[in-house]
Each structure stands twice: as C-alpha cells, then as structure tokens.
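In what follows, a single structure is set out as structure tokens and then discussed.
Going by the order they are written in, the chains are A, B, C and D; count residues from 1 in each one.
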C-alpha cells in the first residue's frame, strides 16, 4: 500500500505504520521518520513562536507521489506512506511523516532517507518562521542539496 | 531519555516514540525502526511456523546499553529506546524496536541504522526457526557483518 | 496562461496568481521571468536575483531554459524548505 | 568458574551451564574451549569448529586469545542472530 497525503491536521505515526503491516507476514522492516517543529533558538535570535507552512496544492501531492515512485524503482518496498502538513505549526508538533516497509532493513532505511532528502529539496513547501520580533522565510540549506545529491 | 529493555511481551512503538518527544521542543527528527518476524519462504522450504529467540540474560541488556553509549558518542542524540523481545514469536509479530531522537534527521537516521547493524552482530540473541518439518538455528549472515563493519 | 506565485515571490508581487496573455516571443521559463520583472516594482523585486527563483510548469519542476510550449500553468517560487 | 552455553552449543553439550574448576594451566578463552572439547562427545561436537564458537567473559565479548584472568563467568555461543 502506497499513500501520499497533504493535510493541515496532525497525523498518527503509529496508526500509519500499523496500516502498512497489518495482516501481512512478508514485511521484515518498518522505518518511520517523523519530522517535528523544533525551537532551534538561532544564535542571538528570539524564540520561535510557530512555523507557517505554505504549499502548492496539487503539485505537492503529485511531486511526492513521483518521489515515492522513484523510491519503489530503487528498492523492494512493500509499502510506503508520506504525509506532509501545511498551515501553522508550533514547536513540538509534527510536520512530516515517512514510513517505509520492506522485507529487509537496508532497503527500508535507504528508502526512508531518500524520500526525506528529496522531499526537502523537491516538494513544494515553504516555511515562514514566526518569532517574537519578526516573520522570515526560511532559507534553503546547502546541506539539504548535498543530502539529496548523494542519491543521484 | 535513554532506555534499553529485554522482554518477552510485545512493545508499542508509538508509545515509545511519544515518550521521547513529549514536552520537548528541541527534537527535530525521530526515527523508529521495527523489525518483524517475516515468513521468508526459504527456497523450497516449508513455511515458517515461529521463531524462538534465545538470549543471554544480563549480557543482552548490558551489551545493547554499551551500543547505545557508542551511538551517543558518535551523534548528538537527545533520546534513544531499544527493546528486544525473546521467546516464541510468530510471523507478523514484532521482534526489535529502535527509536532515536535528535535535533537533525541525519543523526537520527545514522544512529538508528548503526544500532540495528551492531545489534545484529553483537547482541547475544539466537533465532531458532520452527518450520513444519524441522527446527533449525538461523546461521549468521556475512551481509550483517559487512553492515556492521562499515561503521568502524 | 495561469501564473502562480508562492512564499516571498508571492509577497513581493502582492498576488497569489493571475491570468496573463503571454506574448508569443516569450518562449522559455527564464524569458517569462524576465518579461514579468518588467511589469512593475514588486515583480522587479521578486525576480531581482533570477537564479534563486524556481519554477514549475504544469506542476513539474522546470529549468530556466524549459520551453513554455503549450503549458497552461506556471508557478514561480523560492527554493523549497519543506520536510 | 561458571560456564554458560547458548543455542546449538547448549544443545550439543546438553547443559545450559555448569560450575567447573578450571586448571590453572588453562589461561585463555581458546585454551578453555580446547580443554572443554576433551570432556566428552557433546563437548567435542560443540567445539568441533572452534572458529565459529564465540565467547563472552563476564558478559563482554572476548577473543580467543583473551586471558581468563580472574573472570567469574564465561559463556560460549554461536555467532549472534538477533535483531
């Protein structure tokens, strides 16, 4: 089962992982990645109040679906779920979920990491940081381009 | 919070992950690995009825605690939970859980994979495969030694 | 042609999207960005550093030299920061 | 000295563990394995390929040339297959 959802509400990581494995005996490894909103206290900066995630409706789901297809072409996946939230998110809350299921752990780990790396650089989402004194768009990180580049 | 448990009963992956993040805003990434008993249908073999996991009480917990310490020395972890079951386990059931929490996804992924690779080759557990016609001890895999070796 | 703007590209232009009749002489993504930049101050600021503005044509990532061809929807936005 | 056996080492020897007075001439893990192998048929089968039997001394992985020194517990077992 392969699922991609873009939603404003929270997700239940456990329920999503359970949906991939229930009633099956061919899955040996399930890797779940949850990305959370972190109060990173930028050096000298004011505390983060919230993130607002803007997205490109339609393309967000289509692009992530293409990434899942690419992951399936590279690794023997028996299931995958990707959920990305949009809207206002406060520190400690979930932002993104990736679950991969495979007979073997190496494939499940690699596919989850691949999906996260590519999500960061290709899924059309933009983070606006709301701090006590300012609102700023988050700048893309070179380290994310490098992380995605290692799969090419 | 760092936790190692060896138990015969099942675990709740979601509850364990939630315990690591609740009330905190400094965690950006949580990686959860669940290893399941798979009916692998060895070529021409009879179906797997169950696995029985034997372990070395005392040493199992101590050795995994040492591996968690090694992971903490290598990556900036804010929490980790490792649970390994023993006893009779049927296809589809959980065997092992690794949860890692970190500010950044790269560290959480790497630490979870490191812990799984080293668990496979260093934690004192042995699997007895119960099939319809035979009971056999699982042989260690060269691929597991190679997976562990890449961290040295 | 339907043109969409996201994040600070949207804020600078002051519009989430618009329907524009693009001249036939404007053939690529980069040419469209340059043509839009001449429409006013907000557009000029949005495209002041064209290398950091990304584009999608009919909801697929496009490069500066990608031909607009018969595309019906184009979006301009900053490098992505989701995940 | 407390000696423990696991998995097929335990099955071949027919014991999960035993308390044995090890002669002082037996100084290393490999020497102890060799000395045990001479105790009977089950032991001989357990240690017939000494390279595949692993050991832990006081619950830490040990190598064939690790000295028994003052250890109080040693365990012999096949390569591990957990996880």
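In this text, a contact is a pair of C-beta atoms (placed from the backbone, for glycine too) under 8 Å apart; a residue touches a chain by one contact, two chains touch by 3 or more.
Just so we're clear, the structure is a prediction, and the values are computed from it rather than from any experiment.
With steps allowed only between chains in touch, the distance from subunit B over to subunit D comes to 1.
Separation between the centroids of subunit B and subunit C, computed from CA atoms only, is 48 Å. One simple way to say how far apart two chains are is to compare their mean CA positions; for subunit C and subunit D this gives 72 Å. Inter-chain spacing, taken between the CA centroids of subunit A and subunit C, is 26 Å. Subunit A has residues 35, 116 in contact with two or more other chains.
Residue positions of subunit C touching 2 or more other chains: there are none.
Working note: touching chain pairs come out as A-B, A-C, B-D. Per the touch definition, subunit C reaches subunit A in the complex via residues 4, 6-8, 56, 59-61, 75, 77-83. Only residues 12-15, 17, 21, 23-40, 91-92, 103, 105-106, 108-109, 112-113, 116, 147 of subunit A touch subunit B when the two sit together in their complex. Subunit B makes touch with subunit D in their complex at residues 35, 53-56, 58-59, 62-63, 84, 95-96, 116, 119-128, 137-140, 144.
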